[in-house]
Each structure stands twice: as structure tokens, then as C-alpha cells.
Amino acid sequence: MNAPLTLAHYMTVAGLLFLIGVFGALTRRNIIGILMSIELMFNAANINLAAFDRFLHPEGVTGQALALFVMTVAAAEIVVGLALLLAIYRGTDTVYAEDFNLLRG
Amino acid sequence: MNNLRLLLPETVLATLALVIAFADLVVPAKRARVLYHLAWLSAAGVLAWIAFTMGDASTHGVGTLWSVDPFSQFFKLTTLLTCVLCLLLGLDYAELPENQAGTFSALMLLSTAGLMYLVSATDLLLIFVALELVSISSFILAGFERGNPKSNEGSMKYFLFGAFSSAVMVFGISLYFGATGTTHLAASAAAPGPMLILGLVLILLGFGFKASLAPMHFWVPDAYEGAPTPVTTFLSVAPKLATFAALARVFGAIFPLQAYDLTLLFSIMAALTMTIGNFTAMFQTDVKRLLAYSSIAQAGYLLIGLAVGTPLGREGVMLYSFVYVAMNVGAFAVVQAVGSAKGSYDLSAFDGLCKRRLGLSLSLMFCLLSLAGIPPLAGFMGKLYIFSAAVQTGQWWLAVVGVLNSVVSVYYYFAIAHRMFFKEPSDDAAIPVGAYIYGGVAVAVVGVLLFGVNPEPLIAGVRASTQILP
Amino acid sequence: MNMLSLVTFAPLAGALIILCIPKEKEKAIQAVAFLFAGISLIASLAMLPGFSRGTHEMQFVERFAWIPSFGVQYFMGVDGLSYPLVLLTTFMSVIALVGSLGIEKRVKEYFFWFLVLEVGMLGVFCALDLILFYVFWELTLVPMYFLIGVWGGPRKEFAAIKFFLYTLTGSVFMLLAILALYFASTGPAHTFDMLELAKMTGGWDRHFQILVFLGLYFGMAIKVPAFPFHTWLPLAHVEAPTAISVILAAVLLKMGVYGLLRISYSLAPLGFQWFLPALIVIAVINIVYGALCAMAQTDMKKMVAYSSVNHMGYCLLGIAGMTTAGFTGAVFQMLTHGIITGALFLLVGVIYDRAHTRDISAFGGLAVKLPVYAALMSLTCFASLGLPGLAGFIGEFLCFLGAFQAWKLAATISVLGIIATAAFFLRMMQKVFLGKFNEKWADLPDMTARELISIVPLAALTVLFGVYPKWPLDLMNVTLTHMLGK
Amino acid sequence: MLDQIVFYSLSVLVLLSALGVVLQRNAVHSSLFLGLSLAGVAGLFASLGADFLFGAQIMVYVSGIAVLVMFVVMLLGRASDLHLRQVNDRWMAALLVCAVASVGLLKIARLSSATVATVAARPGTHDIGRLFLGQWLVPFELISLVLLAALLGAVFFTRTENAS
Amino acid sequence: MIEHAYLIPLIPLAASALMHFGAKEDPHSPAPWIGVVAMAICLGMSLSILSAVASGSVAVPYEHNWPWFSFAASIGGKSFIYDMPVGVLIDGPAAVLLVVVTLVSLMVQIYSIAYMHDDTRYMRYFGFVSFFTASMLGLVVSSNLLVGFMSWELMGLASYLLIGFWFEKDGPTEAQKKAFMTTKLGDSGLYVALLFLFAKVGSFQLTQIHHFYDKGYMPAAAAAAIAIGLLFGAMGKSAQFPLFIWLPDAMEGPTPGSALIHAATMVAAGIFLVSRTYFCFLAAPQVMHAAAWIGCATAFLAAAMALVSYDIKRVLAFSTVSQLGFMMCALGVGGYTAGLFHLTTHAFFKALLFLGAGSVIHSVHTNDLRLMGGLSKKMIVSFFTILAAIAAISGIPFTSGYYSKDMILANIWHSGDRPLFFIMLFTALMTAFYMSRLFILAFWGEARDHEKHHHAHESPFLMTGPLVLLAFLALTSGFMLDRHGLVYKLLPKPTISVMPGEVAREHAPPATLVSATMPAEGGEHAAAPSEAKAEEHAPAHEAAAEHGEHHEGHLPHALHLALPFLVLGSIGFAFFLYKGPDYAAAESLKATFAPVFTVLDRRWYLDDAFDLLVVFCDKVAALAFWIDANVVDRVFVDGWGLLMRIVSEISNLIDALFVDRTVDGFGGLSLDLGVGLRGLVKDGQVQEYLMYVAIAFSLAATLILTR
């Protein structure tokens, strides 16, 4: 607990968050759940970026700026995703991923 | 500053996309078709612009986040060509909502512009953003047949897959940044360490998604089957080829595979992609799905060219890409004509086509044979190039897998031929074919035959365009 | 004048013209097909006076760069090995066209594909650039697929795709071997030029040559067809329409043997020598086993198909001897097998057209009713079983002669194949023509003029080459001597 | 010491609420946990001295995305969903995959032992702005195109009169 | 005349073609006379050649070659263009055979004009006979073994056509196939011998091959192999044990055709081949000895079968086989002259016997001896001519058979192989017995079937004329030829001066030189010196041989004197057994030795063995085809399908580990892999897709990082 914080700490958190996101994306039945899990994965990347920026390359802002881009893109993605989901929900009345199986084989 | 001038064509195209998107608000719904014309003319104009200035060294140069070089220009040409052809096909595709012409063409142009940025990008940030532009446009385009549940579902799967890949890729980019302190792609900045390697592998996943490389190919058949046929055509060609260009730049010119021990990974992916694509295609009864798997397999062949990591391989990728535009667009154009007329994309829709439309049947036959790599069609020259690259570097097993796969592919390509030529037509329904489809098919077939019999101009063009600036 | 281009591409011109003729005008389509196949035949015959028998060099050479950046040339030429095969092809094409006049379904497409097929076959024998060769080689596949698949028998579609996939599998390996040769070529630039490559073989190590040979062999062997890659043949033959069976037997199989001699032997000599012990075994199996399989058939066409396996075994035997006599025999056997087996397929087609069955045991005593048919069939069968005085004997004997010097035991075993061949042909003749007349066939007419026109020339050639084989042999002697002399 | 306490508590918050996101049966609770987790991430940003990022995270994610998600959840949610399993039957395989992946991820984390470097002047928000309008102008403009495309899509998909 | 010898085979060939294609089927057509005239011309030419040879007015061997075709060949790694000639080589034996063949053929054709008069395919028959004769003549005159072989095979074709002449019936069609196949089996030996000869000598020219042997260049092992091959060929054509099975069945053809086959063409060909290539045998003494024993076995077994048969033509057929055994045996013990001498005399009396039998059958319409009897009264010419023939074949003194058989026995005696001699002696007595039996049953005593007897009549002149002429020759030809040792002059035994192995291999010139230095044309010039040289080099050998010939010409005096009495005794025994209308003595003997009779009646079970062989071959063929359809096609056609299956199993396994999915087997073109891969997207579950991606990349990343 007393050991000085290193990059490894942040990377571990980011890594775990990423894996939790992956796990959620793979297992949540609800499509919104999958979307949220993917958001977690984006955030894991952002933690990484901020940590690298601070620990390894403190003389620039590349990491932070990059994280801002990621944030924007993630927002755009989720907007499209939610809109799509709404559209589909109107037609099929379901939000569960396994119900989308017209296309197969 | 920044050599922004180099990106003028893309920027102009993006601007035109904006114009069309807003024009949609003012053009009356009845006249919305004019926006299609506007769009394909814009793309064609940019195409002509790039084509005519391609040899001009002043249009080449290195920018901060991009390099415009003959290599990128070549792929911009293929992308634009595909875009023009697909917009033309869209004109003869009745299922598209009439009043959404502006959105449709704007999104087509936007994704085209994104792809053009992609092929020039030398910075992960630009690559990421360009890819996202393409992805988001494509998700929407794939779901453009609102009334068709398949279209919606395909779009949703495409989207989930895409978002997941983006997230993984971003994580990879973060690792790359951690390893190098920059997003710029330059080998000099990067010492090959585990973080860099892992970053590159995760970035590869993002690329693989776009290029439909196994095992990131699963979305392909679903999205292709659901999407409106012109969009399927576009998706099966343009993003794939542009991504290959980006892959060639990143994993060929900047991070040579050999130096990063990625050759084996690429080779395995190539073999997997071909094999999965071909062997699964054999079972398809839906022609669009069949061609989707075929396009996965084609990506596998293309990847051989990258996996060998030689100039010959890169030339092969370029040659094959160009030829692929012709043969795949040609095949899909015929499929669109028949599918629209019959209301079904089932293989049985093609029964006895040669009795009704011998020209269409032969055209499709030529395109399929070309995809299978039967001489003297253009596809053969592409395959010849690719396989010779593998042979040159002694990657025998890859070449053997490749040729065996092309044999397997014949099986399902000929399943269509079999339907067209050996079966009797099931009904007497007429098969109307629009003028734009005829145009697209004609362009494709001429390309397939011409570059098959006389590939020298194309090869010369490719040879002249291999230069990649750092 | 570019004679070889004329010979090769005249049918292509015909095919394109046919595409432009409305499909109702069947007579015009047939006329165009005959005209252009005829031009090809006449042009190839017109080369005869100019063809020098005293040189092993390529003649009537045409050469210009086709894909210079890849070192591919349009390089055509013939020598004593290929010229007889070109003649065979043009000749048998015209004969097969006569045999095709009975086609009633989709006439336009039929003749279109037929002429395209002829282009491919001629090109294979004329091409001296490996890529050009490969292009022509593959060009034969698609027309054949359609010709079998549309106009064939009950299992035509399966036969067509099996033929296609099978031969394509072989040829893609050949393509890899060709590419390997290309990259192994030395000099200012890599080349696909067969003649240039043949000069470089000395610099390639044995291991490489073995690999290349195996790749090439795989492609050739399937075409030949050599055991165990022969099983596509009976199916394809049985299902194909008569004229296409003729072409398949007369020309297509020859492409494999020709490739073995022209490419495998010349470009991978060490690999070739390494493979000889296996080749001789394969040849013996082809001969004996092919004959045995033929013996077990009740379908006349299938029997003839297996007899092709047997006869191509003689070619392999001759080649495996690695002697000039064997090579000569192999080439001569190709010619005679083309003529004889072509005639056999036509004759089987004649009876099938009338009786709608090819079952050997369904007939009996036909010699009484169809004396002309019986006489021609007997002549052809005897020629096929290698009766001296008819064409089959010379080639077969030379093959044995060549092989015997190197492989005494194998050649001796193969002689048993001759006996088996005789056995099944005699049985067929006995059951079909001799014995008690089967009254079921009381109103079977004898041969028509059209059938006679297609078969009598072949029968005449069979006798002519049997008693006077000098003409074809003189064409090839010097070339083959030189091939082995180096 | 304070740093450590802040870091560990934030980390636990982030990870636990992330687990809540993926494991909660109730989608509304899930989305609430998402907001919490994203806020924790914002805290981590702050602990790393990325102030602007902290602000943006709060604005965009916590108050933007998380709320949007919650709306949609409520819009589409049904009471019956609460009794359904929210995790599909592939969870064991997914766990295995995550375990395998963690080997690689933790390995590179373990290799990174860098501690906080002290620099004369940490660049600030204005440097970010300079970067956006300078070197990164093109991606910055491109991202607006991305948002435009997303906008077109959102409009397209949600327009009810087109759904036929 | 000898320079036009090439015309002798060509004239009948042309006549055959003319009759086949030029004439219509018409029983009154004079066209058969084309063949007769052609043959008469040939006979005239042959006689003039023979007289020239006999009088020594032309030098023999006479050889003349014309270029035919060339092919590239190589011997010992050296390539050359071999100019294959076609030509004639006339020596004593050839000249004699020419006369025999043309004469017998002429007689047969004249006879047939009457005999075949009522047949529907009258013309075709004469075409076949001419063709048959032409092939035989081709073999006789050919200077080249390959051309000889071609004639040999064409003769096989001719026999096929002639035996199956009445193809509407099943018997002839089976018989013709059997004849062709059996002789073809023998031909394969000849085929291999030819290949071997060319591989060693580089030429097919008899004179060149002889030269090669003469110099001792041929290694002993090769010489033995070649001799075996040649012998095998001869065994097929000349119906030696065990390949004689075809000859009795060949009776199914028209009877005059049988006469041709048995006297002048088919069966003579084998013996002639051995004599033509006798130097090959001289170089392989063991093979010669084997040939003698094969001849002996043939002679004895066939004679034994003839003892019990009641079919007149079969008895004659067995007798032919038996006599051929005598000839082969003679050649085997070195009795070259004796063998050919017997071939000549046998040709006359056997042709006579068949034509006579034909006359009888023509008259009584049956082959069965039991239904004949007492025909002497009705058919006086046939009776006397057949009597003459039987006297000759039995070896009654001063008939032709007496001389030739005597000489054979003398040769066997002098070979020193006593068992061989006594078996052959016994067989000679059996010959006398069964021929007498035939004679008694057919002509002696009273008619047994009165109906048939009533209808019996003498044949027309066209049939009896040839009989009379042949009877004259059967009686006198032996005496004529034996006089002054003419037979030794006409049929001199060839020699080789050096036995194989006596010359070191390295002294042998490269084989190619043999053919290269010896011009194909003007062979007579090339051959002559070699002959001369041979004499020059080995005068001692020659003298010894000369001496031997005269010595071997005679049996020990006592035996020589006893032989006629033994023959007469044998005839007497036959009279004793078969006298009377119901030949009771013979029947009782048959009852006593029933098993022996059964064995003989079943022809030593050789036909059953042959049938079994045929069935066996059919089974093998069926097996081969089964393998082809079910093994080769499965494994190699869907060839790489096997590989695919393995790949698919692996992918299946991986699949099962995670998603527990089984893949159904799939038939057809081995689409197993496809099924396996398709299973990946079977349910269209997007999260499953993602799972595969995650699996692949977590594995890949971990593998790369932990490497």
C-alpha cells in the first residue's frame, strides 16, 4: 500500500477494466448492456492514455488529446448504436442479442 | 503548413458530401434522384482529378499525419471507382427510400472520403478517426433498407462488431502510444518491445475487422446479406481495399513484418481467411451471402501478398485490388439485377438465366471465373502475381493453401454457373435490367477481359505506383 | 505470315462470329464452325511443306513481349514433338464437328464452346512460354465443363464439375511449379521461356528439380490420366456427348503426355529421372489395371474410356524408358490413340444413337444386320488392341521397345496388358456383333453418310499409319533424338 | 500516501461498479453503475493531473452518455426483463478468454515500472487547444464529420414516418 | 524369279482385298477363282524358286530389303535413327515352305469352291483364305523379325476370322476367341523376345541378328530369355502343350479352313519361327532341351486324346497337335532338318486328311465316327486317298511319313535322351493306332447308320481332284526329298560358330554399330561375308556338324528294321479292337479302364483349367473395377478430401471445446471442412462471433508475448 504508485498500477486497473468490458460485451444479453460494456473498454483505453501521458511522456499532451478524440468517437458510436437499437426495437420488440438470428449460416 | 494541400481531393469530396447532405433539406423529394447524380458526378470528378494529376510529383509529399504518394493515389482511385460504380448501381435499386437520396449519397461520399484519408494516413490518430468515419457511415448504409428486418439486423451486428473492434483498437493505440510516446507511425520511434507488439496486434484487429480477415470476418455475411445490394457491393470492395492499403503501409512499409516477427501471424490469418471463406461459401444458398464469403476468401488471397512482405507481394496486392474492383462489382451488379427482378437472392433465382439474359449470364460467368482465377481473365493475373510472390519468398505452404483454395472456390462459383446454364427457368417472369446496371456490368466485364488478355498497362501502372513515402 | 497464330486463333474468330449469329440460324452457325475449324485445319496442313524434318529447332516461331514487366511472352512455335499434335488437333476437331451435327439443343452455345475449346487445345501445343501454356491449358477447362454439363448424359452435371475440379486441382500445382521455375531462372531477368529455362537446368539442384517435377507431374498426371488420378476419366467420357468424348480422348489426354515431355522432362530433368521408377510402376498399373477395369465393364463407352487409361499407360511406359524409341513411341501412340479411340467413341455413339443403350449384353449378332458398322468397329477394335498392320501397333511397340531397355521386368508385365486388352475387345465384339441375332434390333439401320464421313477418314488413317508410319515418324525423329541426345 | 489512498479507492470504485455494469440483472442499475464507474475514471484522470480530461469525462460521459443510456434503458425496458437472466450461457468461455488475455495484459503492466516523472512545466489545456488547431487539425475536422455522420444516422434511424 | 519373291505374299493379299471389296455375294460368282488363280501364280513362282534353290542356280540365303520407315532409337545410351526395312529373305526352308503353303492353299481353295458353294458368305470365305495364306507367306519370306511378327499376328486375325466364320452360332464365336486369346498369350512371349533382341542387337534383321549370335556377342542369359520368348510364341501358334487347347476347338470353322490351319498356315508358323530363329536356340541349349520335352509332352498327350475321340475332326486335330509335338521335339534335340522335313510331309498328308474328312462330312452330314462305317463302298476316291494319308501318317514304309518320322526318331536317339526316345516311339505307335481306328470306324465294315449311309455319295471332282494330288504327294514326297540327301541340302541346319560366353563382353562391338555399319539394303552382300567368315573361322565345327548330320540320319539298324513291324502291329491291334459293327473289344477295354478314358475324354482337364482361368480373370477384372470405383475414386478423386477431413476434425475439436458442437458427416465432395467452418456462424449470434475474435486474439497475444 505504501509502495509508490507506478505506471503498472494504472495499467493494471486499465487492463482489468478492459477485460471486464470484454466480458460484458461477450456475455450481456441486452444490447444496451453490450454497448455499456464497450464504453468501459473505451474508458480503459483512456486510463491508459492518461497514465502514459503522465508517467512516460509528461512533456506533451498527446495522450490527453488522444483521449478526447476517443471520448468523442465513443459518444458518436453510442449515439448511432442507440438510434439503431430504437429502430430495431420498433420492429422486433426485443433488445436481446440472441433474438437477432435471421441472418445466419 | 502541414502540407494540407496534399489532401485537397479528399477534402473537396468531404465538402461535397456536406453540400449534398444539406441539399437534401431543400431538394424536393420527387427530385431527390438528382442528388445521386450529383454524388456520382462528384466522385467521378475527384476520380478524374486524381487520375490526371497522379503522375505529377508535386501532388506527392509528406504531411504531418499523412503521406500522399503514388501508392495512396492508386488506392484512392480504386476507392473512388468503386464509389462511382456503386452509386450508379444505386440508381437502379428500387428498394432504397426515394426521399433519403441525400442521406444515402452523402454517407457514401463520406465513407469514401474517410477511406481516402485512411490510405494516406501515417498517424494512428488519423487512421482511427478515418476508420470511424467509414464505420459509422457504413453502419447506417448497411441498415438503409428500413423496412427489411434483415437489413436492420445486419446493421446491428455490424455495428456491435465494429464498436467492439474500435474499442480494442483504441486500447491497442493506447499501448502504442505508451511504447513510443507518439501516435505517429515511424519505425524509428519504436523499439520492438512487448507493449509495442501487443499494441500492433490489437491495432491489427481493428484493421482486420474492416478488411474482413478471419477471425474478424463473422459480421461480413450477415451485414452483406442484409444491406442494400449497392451498399453490399461497396462494402465488399472499397473499405476492404483501402484497409489493405493501410495495412500495406503500416505493416509493410513502416513496420516490416519480418522485423516484428509477424509474418507467421499474417500467414496464418491469410490461410484461415481463405479457407473459412471458401469452405463456408460452398453451403450458401443466398447469392449475396455466397459472394460475401467469396469476398472473405478474396481478402485471404490479398493478405498473402502482404504476408510475404516483398515488393512483389505489394504489387500483387495492388494489381489484385484493381482487378477485384472490376470482377466483384460486375458480379454484384448482375446479382442485384436478378435479385431485384425476382425478389429473392436465392440461388434458384438464377435458374436458366442464360435462356433469358445470355449477356448477363455470360458477364456474371466471366466475373465469377475471374474471381476463381481462371485464365485468361484478369483475376488470374492477380492470383498469378500474389502466388508468385509467395513462391518467390519460399512460402510454399501458403501458396499451396492458396491454390487449393482457388480450386475449392470454383465449386461454389460454378454452383451459380450451374444454375444459369444447366437449369431450366422456373417461371416466365421478365428480368428487367436498368441502364445503369448495364453500364456497370459492361465496365466490369471489359475490365475483366481486357486486363486478363492484356494486363501490361495495368501492371505498368501498378509498378509506377508502388512508392510509399514514410 | 503468322501461321501458328492463324491456326490457333481462327476458331476463336469463328466463336466470336457465332456469338453474333441469332440462335435460330443453326445452319449458319454450323457452317461458320466448319469454316473456321476448316481454316485451322488447312492452315496447319499448309505448314507441312514448310516444316523441316531435319532440324530440332522450333519452327514457325512467333515471339513478342506480352507482359514484359513479368517476363511473359507471346511465344509460339512447333517442332517435331508438337507439330504432329497440332495436326491431330485440327483434324480431330473437324471430325468431331461432323460428329456434332446431330446436336439439336442450344446449337449456338455448343459450337461457341467447341471452338473456344479448340483454341485452348491448339494453344497448348504451340505455346513455348510457360504462362502462355498455362493460359491455354486452363482455357480448355471451361468449354469442356459446359460441353459435358449441358449436352451430356444423365449424370452430366456431376461429371462436369468433377472433371473441372479434378483437373484444376492438378493444374494449380503445375502453376506453382511454373512460378518456381520462373524464380529459379537466371540471366538478366526471370523468364517463362521454356527454351531458355531448359538451358538453365544444369544450375538447379536436384532437390529443387524434384519438387518442381512433382508439381508439374501432378498437373500432367491428372490430364493423362495416370493412376491413381484417372477416375475422373470414365465418368467424364461416359457422360460427355459423343463428339466431346472424341475430343477428350483424342486431344485432351494428349496434353498431359505432351506436358510431361515438353515441360517436365525438359525443365526438371533430374526430378524426372528421380521419378522414373515410380513412373514405370504407374505405367504398368495403368496398362494392366486399366485393361482389367475395362474388362469388367458392360457399358461400351466406359469400356473404351478405361481402354484409354490402358493406352495412355503405353505412353507413360515409353516415356519412362527414357530412350528415343520410347519417346517416339509415346508421341506416335498419342497420334494413333487419338485417331483410333476417337473413332471408337464415334462408333459407340452411332450405336447409342440408334439403340439408346450401350450395354454390351443388350446386343448380339449385329454383324448380320449392320455389316458396315461391324466391319468398321472390328477394324477399330483390332487397331486399338494393337494388331500389327494397323496404327495402334507401331506406337505401342515402340513404347515397349523404348521401355524394355531400361525396365525389362516392367515391360514384360505390361505385355500382359496387351492380352487383357485383346480380351475385352474380343468379348465386346463377340457379344455385340457375333452369335445369335437379337431380334429386338431387327430394324436398326446401318450407318448414315454423315457417320461414314466422320469415321471412314479415321479408319483410313488407321490403316495408313499402320502400314506406312514413315510420315508421322519422320516429322518427329530428329526432335526426339535431340531431346534425349543432350 | 494520500495519492495511494485516492488511487486505490478510485480503482476499487471503478472496477466494482464496472462489475456492477456487466453483472447487474436490472438494466437500470447497470446504467447507474456505468455512471459511477465513469465518474471513477474521471477521478483517476484527475489523479493523473489531466484536468481537462477530468472535465470532459464528467461532461461527456457521466452527464452525457450515461444519462442517455439510462433514458434508452427506461424507454425500452420492461418489468419482465428483471426476471430474466441478463448473462448468456457463454459466460464460462468468456471468463476463460479473459483469463488468458489477462496473462498478456498483466505481463506488459508488470514490465512498466515507471514512476511519476517530474518535469519543469506540465503542459496545460491551452497546449491541447494548440494541438487540435495545429498539428491535429485534420483529425479534428474529421471528427466533426464523424459526428455529422452519426447525426445523419440518428436522424435516419429514429424518423418514425419512414418505418414501414 | 527370286527377285520377285516379294510378290508372293502380296498377290494373295491383293486377291483378298479384291474379293472383299470388289465382289458381291453370289453363289454363282466366278470371283473365287481370283483367289485360285492368284494362288496358282504364287505356286508357280514358289516352285520356280524352289527349283532354283535346289539346283543351286541362285545363292541362298537371298536377301533384299527396301526402306520402310525410320524411328529414333537408342542402344546403350547412344541415339540413332533406325531405318526399319521391309524385305525378303529366301533360304532353303523358306523356299520349301513357300511351295508347301501355296500348294496346300491352292488345293484348299479349289476344294472349297465346291465345298462352300451353298454358304451365304461364299466370297467372304475366299477372301479370308487368301488373306490367311498371304499372312503366312509374309512370315515365310520376311527378312525382318518385326515384319514377321506383324504377319504372324495378322495370321492370328485371319484364324480368328476363319474359325468364327459361322459367327451366328455360339460355338464358333467361342472358339475363335479362344484361339485368338491363346495364341495371343503365346505371342506375348514372342513380343518380349523381339524387344529383348532389339535391346541387344539394335536390329530386327534376321541376318544381322544371326551375325550377332554367330560372333558370340549375345550374353548367355539374354540368349536363354530370348529363346524362351520365341519358344513361347511358337508354342501358342503351333499348339504345344499346354497352349494346344485352342486347336481342337478351332474345328468349329469350315473344314477346308481347318485344313489350311492344320497343314499350311497357323500351326506351321510356330515351327517355322523356331527354325527361322534356330540360331537363337542353338545359343541356349537348355531351352532347346526344354523344347524337346514340351514337344514330347504335346505329342504324347494329344495322341492319347486322339485314342478315344469319336469326332472325326477332333481325332485329326489331336493328331495334328501330336505331330507338331514331333516336330518341336525334333527341333529341340537338334534335328532341324528332320523337324522341317516332317513339317513338309505332314502338311501334305494332314491337308489331305482334313479335306478327305471334309468330303466325308459333306457326304454323311455328321462328324461322329460311330454313325459312319462302310463308306469305302460309296466314296471310293475318298477312301483311297485317305488310306494313303493314313499310311503316311502312320509311317508305313516308303510313304512320306515314314521318312520324316524315321529321321525324327533317329535324331532323338542320337540326342542320347533315352526316355524321350521311348516316349516318342510309343507315341508314334499310338499314331498308327488311332489313325487306323479312325479309318476302320469310318470306312471299314458295314454301315452303322443306314440312313446316312444311304445318302452318302462321292464328292464332285473339284473336291476329289485335290485329294488325289495330295495323296500322291503324301505318298511320294518323302521319297523324293530323301533321295540324295536333298532334304539336307534344302534344309541345312544353321550354325553359330561361337557359343555365348565364349567371347568376353568387352570384345563385343557396341550394338549400335551393328546396325549402323550394316546397311539395310543389299543385305545379301552383308550376309554373305558373314557366312563365309563363319566357315572360315570354324571349319572344325562345320566338319563335325556335317558328319553329325549324316550320322544322325539313321537309327540303329535293328530299330530301323523293327519300326515298320511295330507300326503294323499297332495297326493290327486297332483292327482287333474295332473290327465288327459294334467294336465290342474296344468297348470292353473302355469299361476296364474307365477312369483313364474319362481323363482322356475330358482332354486332360486342360480345357477346364482354361475355363477356370477365364473365370479367374473375370473375377480379377471385377475386383479391379471394384477397387477403382470404391477405393481409388474415394481416396484419390475426392483426393485431398482426406486431408480436408483431417483439418475438419481438428477444427471440429476446437469447436467442441468451447461451444460443444458436433459436425455431421457429409457425403459428396468431402465438404466436411466446410460444414465445420459453417458451424461457426450457424446460429447467427453476434456475441458468438465476438467470442471467436476474443479467443483468437487473446491466444495470439498471449502466445506472442510469452514466447
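A few notes on this one:
By letter and in written order, the chains are A, B, C, D and E; residue numbering begins at 1 in each of them.
As a working rule, a contact is a pair of C-beta atoms (placed from the backbone, for glycine too) under 8 Å apart; a residue touches a chain by one contact, two chains touch by 3 or more.
Just so we're clear, the structure is a prediction, and the values are computed from it rather than from any experiment.
Averaging Cα coordinates per chain and for the whole protein, the chain whose average falls nearest the overall one is C. For the interfaces B-C and C-E, the C-beta contact count is higher for C-E.
In this assembly, the chain whose C-alpha centre lies farthest from subunit A is E. For subunit C, the chain with the farthest CA centroid is D. Our note on geometry: subunit B versus subunit E, Cα centroid distance of 76 Å, whole angstroms.
Between the CA-based centres of subunit C and subunit D the separation comes to 71 Å, rounded to the whole angstrom. Subunit D and subunit E have Cα centroids lying 99 Å from one another. Each chain gets a centre from the mean of its Cα atoms; for subunit A and subunit E, those two points are 94 Å apart. Shared interface positions of subunit C, defined as residues touching 2 or more other chains, are 165, 169. Counting partner chains per residue, subunit B has residues 125, 129, 132, 136, 139-140, 143, 146, 156-157, 160, 164, 168, 175, 178, 194, 198, 221-222, 283, 404, 411 touching two or more of them. Across the assembly, subunit D contributes residues 88, 90, 93-94, 97-98, 101, 104-105, 107-108, 111-112, 136, 139, 143, 146, 149-150, 153, 156-157, 163 that each touch 2 or more other chains.
Remark: the chains found to touch one another pair up as A-B, A-D, A-E, B-C, B-D, B-E, C-E, D-E.
Put simply, subunit D touches subunit A in their complex at residues 1, 3-4, 7-8, 11, 14-15, 18-19, 21-22, 27, 30-31, 34, 37-38, 41, 44-45, 48-50, 52-53, 56-57, 60-61, 64-65, 68-69, 72-73, 75-76, 81, 84-88, 90-91, 93-95, 97-98, 101-102, 105-106, 108-117, 119, 122-123, 127-128, 131-132, 136, 139, 143, 146-147, 149-151, 153-154, 156-158, 160, 163. Of all residues in subunit E, those touching subunit A in their complex are 678, 681-687, 690-691, 694. Residue ranges on subunit B touching subunit E, taken from their complex, read 156-157, 160-161, 164-165, 168, 194, 197-198, 201-202, 205, 215-216, 218-219, 221-222, 261, 265, 275-276, 279-280, 282-283, 404, 411. On subunit B, the positions that touch subunit A within their shared complex are 125, 128-129, 132, 136, 139-140, 143, 146, 149-150, 152-157, 159-160, 163-164, 166-168, 170-171, 173-175, 177-178, 181-183, 221-222, 225-226, 283-284, 289. Subunit E contributes residues 658-659, 687-688, 691, 694-695, 697-699, 701-702, 704-706 to its touches with subunit D in the complex.
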